[in-house]
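The structures come next, written out as structure tokens.
Below are two complexes that have subunit A in common, paired first with subunit B and then with subunit C.
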Partner chain A sequence: MSDAFFRTEMTPPKAPPITERGVVKWLRENLFAGPYNTILTLVALYVLYLFLSSVIPWLLNGVWNANSLQECREIVTASAGEGATGACWAMIRERWNQFLFGLYPQDLYWRPAVALGLLLVAIAPVLFPKVPRQLFWLTLFYPAIAFFLLWGGSIWTPIVAMMGFGVMALAYRLLVPLSGVTVAAMLGVLAAVLWWLFIDAPLAEALSAALPVGLQSVGSDQFGGFLLALVIGVTAISFSLPLGILLALGRQSDLPVVKMLCVGFIEFIRGVPLITLIFTAALLLGYFLPRGTNFDTILRVIILVTFFAAAYLAEVIRGGLAALPRGQYEAADALGLDYWRAQRLIILPQALKISIPGIVSTFIGLFKDTTLVSFVALLDPLRGVTSVVRADLNWKGIYWEPYIFVGAIFFVICFGMSRYSMYLEKKLKTDHR
Partner chain B sequence: MKKSVFFGALAATTLVAGMASAATIDDVKARGELLCGSSTGLTGFGAPDASGNWTGFDVDLCRAVAAAVLGDATKVKFVPLTGETRFTALQSGEVDLLARNSTWTMSRDSELALDFVAVNYYDGQGFMVKKDLGVSSAKELDGATVCIQTGTTTELNLADFFKQNNITYQPVNVADDNEAQSQYVAGACDAYTTDASGLAASRATLPDAENHIILPEIISKEPLGPVVRHGDNNWGDIVRWTYYALLIAEEKGITQANVEEVLASTTDEEVKRLLGASGDMGVKIGLDNAAFKNAILAVGNYGEIFARNIGEGTSINLARGLNALWTQGGLQYAPPFR
Partner chain C sequence: MAEASKMQVSDEIAIQITGMNKWYGQFHVLRDINMTVQRGERIVICGPSGSGKSTLIRCVNRLEEHQQGQIVVDGTELTNDLKNIDKVRSEVGMVFQHFNLFPHLTILENLTLAPIWVRKVPKREAEETAMYFLQKVKIPEQANKYPGQLSGGQQQRVAIARSLCMRPRIMLFDEPTSALDPEMIKEVLDTMIQLAEEGMTMICVTHEMGFAQAVANRVIFMDQGQIVEQNEPKEFFNNPKSDRTKLFLSQILGH
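Showing the complex of A and B:
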């Protein structure tokens, strides 16, 4: 027998030393890894402290019930002592409606609200595949419905205008077997344009005279706040995507005229700052149009913003088209598909999927750019409404509160768009990278 | 460069073509609405209130013109305009009348093809400082930091003033009035300079107004008034005489409340002409004889407009000063109404 000792079971593992685990390890590795790192950490902490020590009391002392900035200050002084600062959210409580609706008549707020509600329903089938397909009909007619709700007036104006699209579809259907897709589409557009130029106005007038149904009309000058930002943003986003796709395809076209037109358009628009285009739309056009022409400023701005976004989108989508291997195009040709079928069934679904992040970035940028319209004195939420509120003697001198409020709403909307694009990318992911 | 010359020429051509055919009064009557260019929000002078109604000193002038031309002070559409867009909007015919505290200068009157028809507010650039700075005159501001809006005539006036007095200053450039105020309150500058009316409005809303003083020096002339397009003299006359009617009403003691009473009892021939009881002064410029009575009925006389929007009863608390009637030592003087 030897008295040698054999351990029969494993010793339980010891916890790693305190410096190598948990919070301490994380702190040592990330915040105090060396002298420079430590100094930076301390400086950053100090700056953070300075920032939070002034912002947190300011937020905590916020006042919701007051009638003027003066009153807010008195309440803050009374509750938090002399020299304390506090946010004056009471301004938002009194003026939230102007931030959301601008100068839209107050008893008609339900109209933009319903229009927004319907917008959410109408875009659902576009955004999510599980939504019943029948809703597409609402999506199709939504522009007319929204126009009628927001601007009011005779119900026949939007209906007759929508009939123009009906004319376009009809002409296309009739002509496609005879002349092929491209020519039929062009003639369809021509028919619709003729409808809008010559038949639209008289017909709408006659119908309104015969059967006057409508809502109280509201002028564009009364639009403001997020209503204005959304009207410009949503319209420009929904029209710039198809326009951008067409431009991107046109730029790759073999027809020299189409190619030159598209390249010229894209390069011109991209070469000019948006603010210049907006100024042109709002001011310069006024010189050229005959005196008394009532060409709505908001409409002009929407058209220019749409062009601007379309030019950028065209380049983003062209990137997607360029990323497709040549074999995809050849495969489409080999299957005997014509140009439009090849684009619709093979090329675009792949190219657009690749371009999703770029497209959504452009949309987010576009939506935020709508605040630039304040330079032509439209009541955008950020600067337009804010300056209106500050012109009131009760709220003059208020500084951060309107910016924070407007910024928060913008963040929610833009963050929503960004999350949706991530969802879409994940859903459409078919490769195994 | 070539392009801009081209556009300029094109714009000028259209402008001339437009002027030849323009009769603003007919446009306004046909439209049934006056398009009035106003500010995007200036305390006391023009801004929409919480329920979206426009109020203010300049706004009331537009309402008076609407009452005179259309007989209804509510038939005005206010078109907010920024400093950059205001004159273009007027030239291109998007507004009929610009009442947006615009300073009357020679180049604006001549080069821009505009006509300033009257001066409804005589303003001037002043300084506001904290009381504990111990300064009682702008000439003692040597070496001070001054909050100043960039790209304005205010900036140029400031430079001139300090140069003339051989003193120096440190400009703190800000983008707009609100930022200037918040910078000044935060102590980023010793003095804050802008038009005296704006200073008074800012001071009224400071948390410690009693600790701030407006220095006595006024270093510039800022005659503010309504503007119309050059070349439509009849329309200019209408706006000018509507304004003068408000001045004469104050001079003669006619108010919004007593106008009917005065009309019934007066023996003053000028008042009779003004209120349309004798002569046909209104018809002479293409209006109704009761036009000026309607204007007074809608907004009151000049003194009432002043008192209601910016005068000593309000918290902006501006004294009449230069804007008192000539009979009371001010500059507001209307030619005879005959």
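Showing the complex of A and C:
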């Protein structure tokens, strides 16, 4: 007999056997596979029971209507008996506005509210491609609008400041045919900085003297709570991404000076704790800046938080750049694309896509780190506002409730970012692996 | 397959390489290369791996820098001047071993990107050109798919079409079939033969000796960074002069 064999019919695919499917199978495999596994499951269930048996009554006995912690406790004792515990949400009911707005004047709450509403409209075209492109005009001018709404004062301050960007664009346009993209961009930035340093303040003053239009001004010391966290977080997020991209590209540059500056910046910023930088921003910069410059504390903190996030982003994006095969650079070169076009059309779209999880992690970290501004006496929602609330005799001794409230809002925002990043990854997935 | 003799070769010089040397650090990869390519010529470069054949054609569009000697492409000398490099690159098409399509763009976008951004062709016109070349490589129906959805042979044909959309005067092929399954090699070679018949100036680094015999008017054999032998294909295969060439041919044709 020989081993020769030939097939006359191809075997069709079949469903797996019944033991490989179903809920029972899953339970057995994951919870009760062998004695050790079973013991661990039972212990875990017991711990879960201990935790829930103390938390659930606390939540169920929660009190919403009271004027002080004392009153809360009395209501809990009256309704659930001696020794029962209960959450005192009445504090949130009375003080929610401080958690959201800090010490912002109550009659002006509409201004941050409108700014937040416009923010959602302004970032829509950035986040979702289906939104009409014309909305980008709002996105472009949103920083000035938001500044005017939040801080108030003369309308000319943000307008003249935005004109600095106009100067940058104009200088770039004029210089690009003469000197190429890189030099033109640098000179454009220089022109804008000169504008802000020397022309901005006198021009804004002259204009507001001639045509005084404006809103009641609100000082930075009145900002607090999530208003403060969002102002710092959103600004730093939107400016750190472009800065991070430039740093990552600079780190790979063939020009030794550019490379050295970028590496130095990244390594210095990453090597120093954020709190140190925030202290520097709030206290030390005051000594170095020229006498009489009124450089807002929140603005200083925003700048250093932006630098901090940009340094981390630069490394995340460098990872994405390194993951691209050399062939992509070569194909772009071989087609005659110059450096900036190759980066913009071929390299960065792919590198950024790879880096999305890392970028969003950095953003989430940045947003949560905004609570660190409590160290320079700004009213962050977690420590700043909570201590203001506790300073009130009525709410002295309240512990879990403010943290749970603040934590929940942070969770909603951060979870939102995380889900968006997953949506984006899925949408950009074109490799069909 | 087509007869090589049918195809026209003009006296005009497309590429002139004189006394070219290249080093990777201490390693002398290309040694004293002298080579002239006339317009309409189809040259096949072969040789063992590490012999410098890929490096040589990558020098022609400056993906690699040479340290000594002169490379003139279409009358433009390759130096550090970026303007010259961009000019040469927009005249010279290149097809890579691993296709190097842009995976985040559709096939159509892959084809129109360079014409739109480098040649400043209007989008509509670039798309028409792209569809014309996709028809030519026989996959117009794939225009709106992504590279990852195509087979290797299809991807390589798209890569050829992508180069052609820039209307190059010279095409470089860097082992275009080495990464393909045997059943897909033919479709790519057929496309290249078609291109040769239309009079495209071509330099191909390849091990496809059948292709060399069919379309090349010159075969160049390289070893250790040097041109060891060059001849018209019939003589090259039937009557190799150097011992290295004989050894190489016996190894690749011997089984």
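Convention: the second predicted complex is superposed on the first by the 391 of 433 C-alpha atoms of A that agree within 3 Å, B and C clash if a C-alpha of one lies under 4 Å from a C-alpha of the other, contacts with A are read in each partner's own complex, and residues count from 1 in each chain.
The rule is simple: a contact is a pair of C-beta atoms (placed from the backbone, for glycine too) under 8 Å apart; a residue touches a chain by one contact, two chains touch by 3 or more.
Because the structure is a prediction, the values reported are computed rather than measured.
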| item | value |
| --- | --- |
| Subunit A as common anchor, with subunit B and subunit C clashing or fitting | fit |
| Which superposed partner A:Leu335 touches (first subunit B, second subunit C, both, neither) | second |
| Partner chain in contact with A:Val23 - subunit B first, subunit C second, else both or neither | neither |
| Partner chain(s) touched by A:Ala210 [first = subunit B, second = subunit C, both, neither] | neither |
| Dominant contact partner of subunit A by residue count, subunit C or subunit B | B |
| Subunit B versus subunit C as contact partner of A:Ala408, first or second or both or neither | neither |
| Touched partner set for A:Ala391, first subunit B, second subunit C, both or neither | first |
| First, second, both or neither for A:Met10, with subunit B first and subunit C second | neither |
| Which of subunit B and subunit C A:Pro105 touches, first, second, both or neither | first |
| Partner chain in contact with A:Ala282 - subunit B first, subunit C second, else both or neither | first |
| Nearest Cα pair across subunit B and subunit C, whole Å | 41 |
| Residues of subunit A that lie at the interface with subunit B and also at the interface with subunit C | none |
| Subunit B - residues contacting subunit A, complex | 7, 10-11, 14-15, 18, 21-22, 27, 39-44, 46-52, 77-82, 84-85, 88-89, 91-94, 176, 178-179, 181-182, 185, 201-202, 204-207, 314-316 |
| Residue ranges of subunit A touching subunit B (in the complex, touch as defined) | 69-70, 73, 94-95, 98, 103-106, 219, 221-222, 282-284, 286-288, 291-292, 374-377, 379, 384, 387-393, 396-397, 399 |
| Partner subunit C, residues of subunit A touching it in the complex | 325, 327-328, 330-331, 333-338, 341, 345-346, 349-350, 353, 428, 430-433 |
| Complex contact set, residues of subunit C against subunit A | 61, 63, 82, 86, 89-90, 92-94, 96, 98-104, 113-114, 117-118, 146, 148-149, 162-163, 166 |
